[in-house]
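Next up is a structure, given as structure tokens.
Order of writing sets the chain letters: A, B, C and D. Residues in each chain are counted from 1.
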């Protein structure tokens, strides 16, 4: 649905990149901002042993973490200059073990409201070039003045 | 409510500690298992810049991550020997910025079922010895044979 | 925690009762407002065949419906005169079949914010005078000017 | 994604219709089963004053109720003969007031597992023939032997 959105701030790309760069946890996780489009943001993180749960797969916290960020930044792309977003809440369903070389979160805006935005986020594990959906999220974000 | 629970496996403490120690992400986050009681588990993590969001507070992914683990391990304390748990889903509401020296997640079992357990988890930020509730979670876990 | 809350509007009881009375669905379900205290609201509904799912127990929609209302009205008790609340979202976990003569939802405010309030709601089925927890909810509500 | 699903029970349509007909609440709400396809179920309900919240729009419980049923029956279409589903949990985000003559819930299976199925459900309000997305849900269901 991202093609129907008209961003209120033409400079949204820079705003998202600056905020992402300020998140210490994204550095700790090794996460990279892959795509910043109007209403759609993609974040990826390569697998390392330091991101694992007890079976050696990606830990659920990594899914939740990059998913929350992908959703929040997708919401931010559509907001007026000077806006920031804070997470109100999110919910994640785990579909299967997150086994792969790379984890990818794709956040999409479902509803961009004046004060609350709602996003859905798909989380895929990519193994040998093949993507497999391993989590789905639904999240809401509040706009605040920066 | 944890005092009404009778653990099916007297060795539940060791089971939880072994599984926790195998989670690479808990090491990366610097998380520590503080309490393992029947139906109740506490996990703490000290603040470092590598755990921050863009404002310098604890990132939501840290809340979600130690909360998910505290809930899952609380569920595991009540299950028969040989059991493991996998997260079905969780939902987290953020109440206020997580500002503090330490973040603490307390997971409690609400319902321990044969196949599904439901937990509630409180997340507190501790600043100068004062705890402040900054997140609440509700999560479900599936029992699987180890 | 309701005893620590100081309501901003001394007339909160009347505000909640008027709004509840205007909900056609509460009449359809046969729901009754049992308690309206600062930060805490209880709603009950007696069982009828018209409220059942396919096994003859209370349908999940009845749990969700009175739970959402109990939470929203609990939030409303703490807001300034002239406020209304709209549901942002809720999540419900079903713990066991809701078998009983009466279903009771108890909503409690966890965090009363300027724009967003967060509540937890317990849903109990009461059979022969014995209450059994059959659902737990976590919900957020936005304050709007009435 | 429903076209990629192969139903395990060729008779899934009859199974869903029989279970739906046994839900007293669906009669009370005036809900109708519109579509039963492999992995996809649509339920509609016409507006009446008895389904309203305090502003005269569809009450959130109606959205949650037909959404939960649409998701559960979508999951059921893909399960082996003799299966039933019970709701583990669901989460609903409200996007805008549900104003219209008809409310429509479209449930789609995201993951059909041996024991747990995950669905996403869109809720639209239809006014003068125009559909508007007013709620999104994410839900999980457990398979049980009938």
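The rule is simple: contacts are C-beta pairs under 8 Å (C-beta built on N, C-alpha and C of every residue); 3 or more make two chains touch, one makes a residue touch a chain.
Here the structure is a predicted model, which means the values were calculated and not measured.
The chain with its C-alpha centre at the largest distance from the centre of chain B is D.
Comparing the contact residues of chain C and chain D by number shows a mostly shared set, over half of all numbers used being common to the two copies. Each chain gets a centre from the mean of its Cα atoms; for chain A and chain C, those two points are 32 Å apart.
Between the CA-based centres of chain C and chain D the separation comes to 23 Å, rounded to the whole angstrom. Chain A and chain D have Cα centroids lying 28 Å from one another.
Chain contacts: chain B has residues 88-89, 91, 93, 140 touching two or more partner chains. In terms of inter-chain touching, the protein chains here all touch one another pairwise. Those residues of chain A that touch chain C in the complex are listed here as 88-89, 91, 115-116, 140, 142.
The part of chain B that touches chain C in the complex is made up of residues 91, 93, 95-96, 110-111, 113, 118, 120, 133, 136-138, 140. In the complex of the two chains, the chain C residues touching chain D come out as 19-20, 22-25, 27-29, 48-56, 59-62, 64-66, 68-69, 86-94.
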